[in-house]
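Naming follows writing order (A, B, C and D), and every chain is counted from residue 1.
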C-alpha cells in the first residue's frame, strides 16, 4: 500500500519533471532549482537529481520568458525590428544591435562611415564593461558575498548615465542604425568617458584586492566546474567560457569586424579551465575594454555619424548572410535570409548563452549543490537571451 | 512539389558534397549535402576539429532547409552545411552522437518547425509549451519562396568533393 | 514553597507521561521523536527538582541537543518521513503497546512497596568537583571504558562514512560511463 | 489564599529577571536590526534606512509591525503542530541562556555553579528547532537546510566545547561570575592574552553556531533559497530572526565573559563595559557577514575537524600541563 502511494507521489510535477525521471531511486531527491530561485538570475529552471548534496543529473528547462523573437522578425519590417534586439540580451544590448545592423548592412552592401564605426566600438565596449560589472556583482552574490553587487551597481550607474545621454535609454538600447548610429557623440560624452576610464582603473584594482585575493572566494572557484576543451568544442561554447579554458578565440581578434583591426588590445585567456579562469578572463576583459575605449577616443575621426544616403526603410536584395560579433557572453550570430521584400524571410539569432548553458548538465555531474551555483554563475547566463 | 521548382535544387550524388560559392555570406565554405550523408560529413568535420556553432532551419517551397554552422577557433573560419528535406520529409538524423551540443539546437528546430530528429535522446519541446502542438515558424503556402529566390549564391556550384576527401 | 514544589513535580511527571504517549501513539515518525524529546526534557526537569542540576543540564545537552538531533538526522531523510507519510496501526498493536509499560511499573512498584526507603527531605547539591572526583576515583575504569566505546563508535562512523562515499563515487562513475 | 509575603523571594527574583531578559531581548532585537542595516548600508556605500524617523531610527519598529501584521501561512502538506512549534522552540531556550550571564557585578539572574554548561545546553536546542522547522515545512529546500544545519552542528559543537575547556582549567570554575572575577580590569589581565588560540576558535565557532555568514549554510539564500525558513511568514520568521539575534548576543556575551574580562573595565567597572564589549563583538560579526563570501559545506567540516579540533586539543594539553606545573 505504501508503494502505490509513493508511486503516485513521484508522478507529481509537470511534463518536464515526469520526463526527467518517473521513478527516482531510493535516497535520491528530484529537486526543482527554479524557475524562481535566487541564483538562476531570472527564470531558468534546472531539474536536479541529488544524492545528499551531490548532483547526479541535471537538466535545464527553458522557455519561461520565450517571446519568439524569430517569428516577430518575419512579421516586422527591417527597421521595425530594431528595438527587439535590445530586449534579447538586456545586459549587452548594443552587441545584439550591432549584430543585426551589421548583418543587414552586409546584405545591402552599405559602407559605414569611419566615425560611426568608432562610436559603435566605444559604446559597445562601455556596454561590455557594464555587463561584466553586473556579472561580477551577481556572481559574488551567488557565492554569498552581499556587498560587491552594490559596488558594481554604483560603477555601472555611471556607465549607464553616459550611455543614456547619447542613446536615450538606460538598458535596452536601440542606438545603431543601418549605416551608422542614431545620434552623434559630443564633447561632454568624450570627457565623461575619459573620466570614467580614469575612475575605473583603481576601482578594478580595488576589486582585485577585495575579492579576487580573498581566500574564501578562491576556495569556492578554484578547481570548480572544470570544462575540457573537447566539451567546449562539441557544445559550441564561446566567449569568456571558452577563453577561461585557454583558447584565445575572440571574434574581435580572430575575424576582426568594424575597426577592431586598427586597435591594439589583448585577448585574455587562462588555461585554468575552472570557474576561476572564467572569472579572471572577465576581470581582465574590463581592463582591455578600457584600453580599447581610450584608443578609440584618441583616434576618433571627424565625419558623418551615419551614412547620408542610408535607407530609412531598407529593402535588402535577396540573399543570405551570417554576421557574428563578440558579445559579453560570447559569439553573437545573426543568420539572415532575405527574399528581397521589406520583411526578413528568416532570421535566426544565435545566442552564446544558449550554447554555454547546454554544457551545464555535463559539467555539473558529481558536484555539490553549492558548486552548481558557482558553475552556473561562472557561465554568466542571461535568460532572455537563451529563451529569445 | 513540381519538377520545375526542383530544377534549382542542387543535384548532389550520394557520397558527394557540393561546394558552393560563398560571396558575401560570411562563411569560408558552404557545403550542400544529401540528408543521408549528414552523419558521415559531420563525423569528418569533428575529426577536423570544427566546433558546432548553430543549427537552424527554414521552410521553403521545396521543403525544409537545414543549415548547420561550424566554426574553427584558430582562424575563425566558418563552414555551413546545408541539407534540404524535400517531398514532405520531416525526418533527419540527429548529429547529437557526434556533437552533443546539437541536442538543444535540434530540440529548438523540432519546436519551431516540427522536424523530427532520428536517434535524438530527448526530443521534447525546449522553448515552447509542451501542451500546445504548434510550430510557429512554418509559413503559409503562398508565403513560401523557392530556394533560388532566397539564396542566389547557392546556384553556383564550384566543385563536387568526395566526402572522404573532406578533411584535406 | 512545598506546594510549589509539588505542583512543579506533577507538572514534570505530566510532561514525561504525555511525551511518552506521543512517542508511542503518534503515527508519524518525526512526531514520535518530538514526543521522546519532550519526555527527555521532563526527565531533565526532574533531575533539577532532585537538586542535581548538573545531571539535568547534561541530559539537555547530550540527549536533547545531540542524540535526538542525530536520530532526527537519521530518520528525517528516510522516504517515509520525507513525504510526511503516516501509518495506521491495528488495534491489536495498541493493545500490545499498552501492555508493555506494565512490566517496569510492576517491577518498580514491587520494590517500592517491599522496601520503603526514606528519602532525604531536603536533597543536597553535589558539586561538579565531587562528581569529577567520583568519576576519576572509584569509577575510573567504567568511565574510561565508556570513553573507549564512544571513540570506537566515532571511528566506526567515520569508516562507514568513507565507505558510503566510495560507493557513491563508483555509482557516479558508472552513470558517467553508461552515457 | 496566599498572601504576597508568602511568595518565596527566589521565585520573585526569577520572574523579575525573566521579565528583564524579555525586555532586553526585545530591545536588543530592535537595536541589532538597526545596527545590522545601518552597518551593512555603510559598508555598501549607501545610507541604509533613512525614511522612518531621524536617520531611520524607527525602522526596526516598522519592521516589527510589518512582521506581526503579516498573515501566518501554513504550507499545504506541512505538519502544522511541528511547523508552528519550531520557531517557539528556537526562541524559548534563548531566554534561559541569558539567566546565568553576569551582566554586572550584581546583575546576574541566577548564580548557578554550572552556568557555562547551562548556556551551552540550551543554545544547542536551536539546532533541534531548525530541523523541525525545516522538516515540517514539506519543502525540499527546507529539508536540505535542516540537513545542513545538523551536519554543521556536528562540525562546530565539538571545537566550541573544547575551546572553553582551557578557560575552565585556568579558572577552575564553571560559574560565569567566578570566571569574570578571575580576570582583571586591564586588557592584559584578560584571558584572551593567555588563550588567544582558544579565543579565535571560540569566536569562529560562534559564527557557525549562530548561522551567520560566512557559515550561514542552513540559510544560504543563493543556494537553498532561504533554507529552513523558506516557508515561514510573519512572526514565524520573526521568531527565528529574533532567536538568531539573541543567540548572537549570547555568543558574544560568552566570548566577553570568558576571554575579555566580562563587566570589568579599566575605569568604573559595570554593566556598560559588558555591553560595550558585547556590541563591539557584534559589530565584528556584522562586519564579517557583509564582507565575505559563504564557505562551502565540506570546507567548514574540514576547517573544524582537521584544524580546529586538533589545535584546540593541543591547546588544552599545554594548558593542563602548565596549570599542573605552576
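Convention: a residue touches a chain if its C-beta (ideal position, glycine included) is under 8 Å from a C-beta of that chain, and two chains touch if they have at least 3 such contacts.
Computed from a predicted structure; not experimentally measured.
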| item | value |
| --- | --- |
| Chain with minimal offset from the mean of all protein Cα atoms | A |
| Chain pair, most C-beta pairs within the contact cut-off | A-B |
| Separation of mean Cα positions, subunit C and subunit A [Å, integer] | 56 |
| For subunit A paired with subunit D, centre-to-centre distance based on mean C-alpha positions, whole Å | 43 |
| Approximate Å spacing (C-alpha centroids) for the pair subunit C, subunit D | 26 |
| Where subunit A and subunit B are represented by their mean Cα positions, the distance between them in whole Å | 26 |
| Numbers and ranges of subunit B residues touching at least 2 other chains | none |
| Of all residues in subunit D, the ones touching two or more other chains | 147 |
| Shared-contact residues (touching 2 or more other chains) in subunit A | 29, 52 |
| Residues on subunit D engaged by subunit C in the complex (per definition of touch) | 8, 11, 77-79, 81-82, 85, 112-114, 117-118, 120-122, 124-125, 127-128, 131-132, 135-136, 138, 143, 146-147, 150-151, 153-154, 157, 174 |
| Interfacial residue positions of subunit A with respect to subunit D in the complex | 29, 31, 37-39, 52-53, 140-147, 150-151, 154, 214, 216-217, 219-220, 368-371, 373 |
| Complex contact set, residues of subunit D against subunit A | 40, 43-46, 140-141, 144, 147-148, 213-214, 216, 220-225, 289-299 |
| Subunit B-facing residues of subunit A, complex | 15-16, 19, 62-63, 66, 68, 70-71, 74, 106-107, 109, 232-236, 238, 242, 247, 249, 251, 254-255, 318-324, 331, 333, 335, 337-340, 345-346, 348, 350, 354-355, 358-359, 362, 387-388 |
| Touching residues on subunit B, where the partner in the complex is subunit A | 23-27, 46, 49-54, 56, 58, 67, 69, 71, 73-76, 78, 80, 98-101, 103-104, 112, 122, 124-131, 136-137, 139, 145, 149-153 |
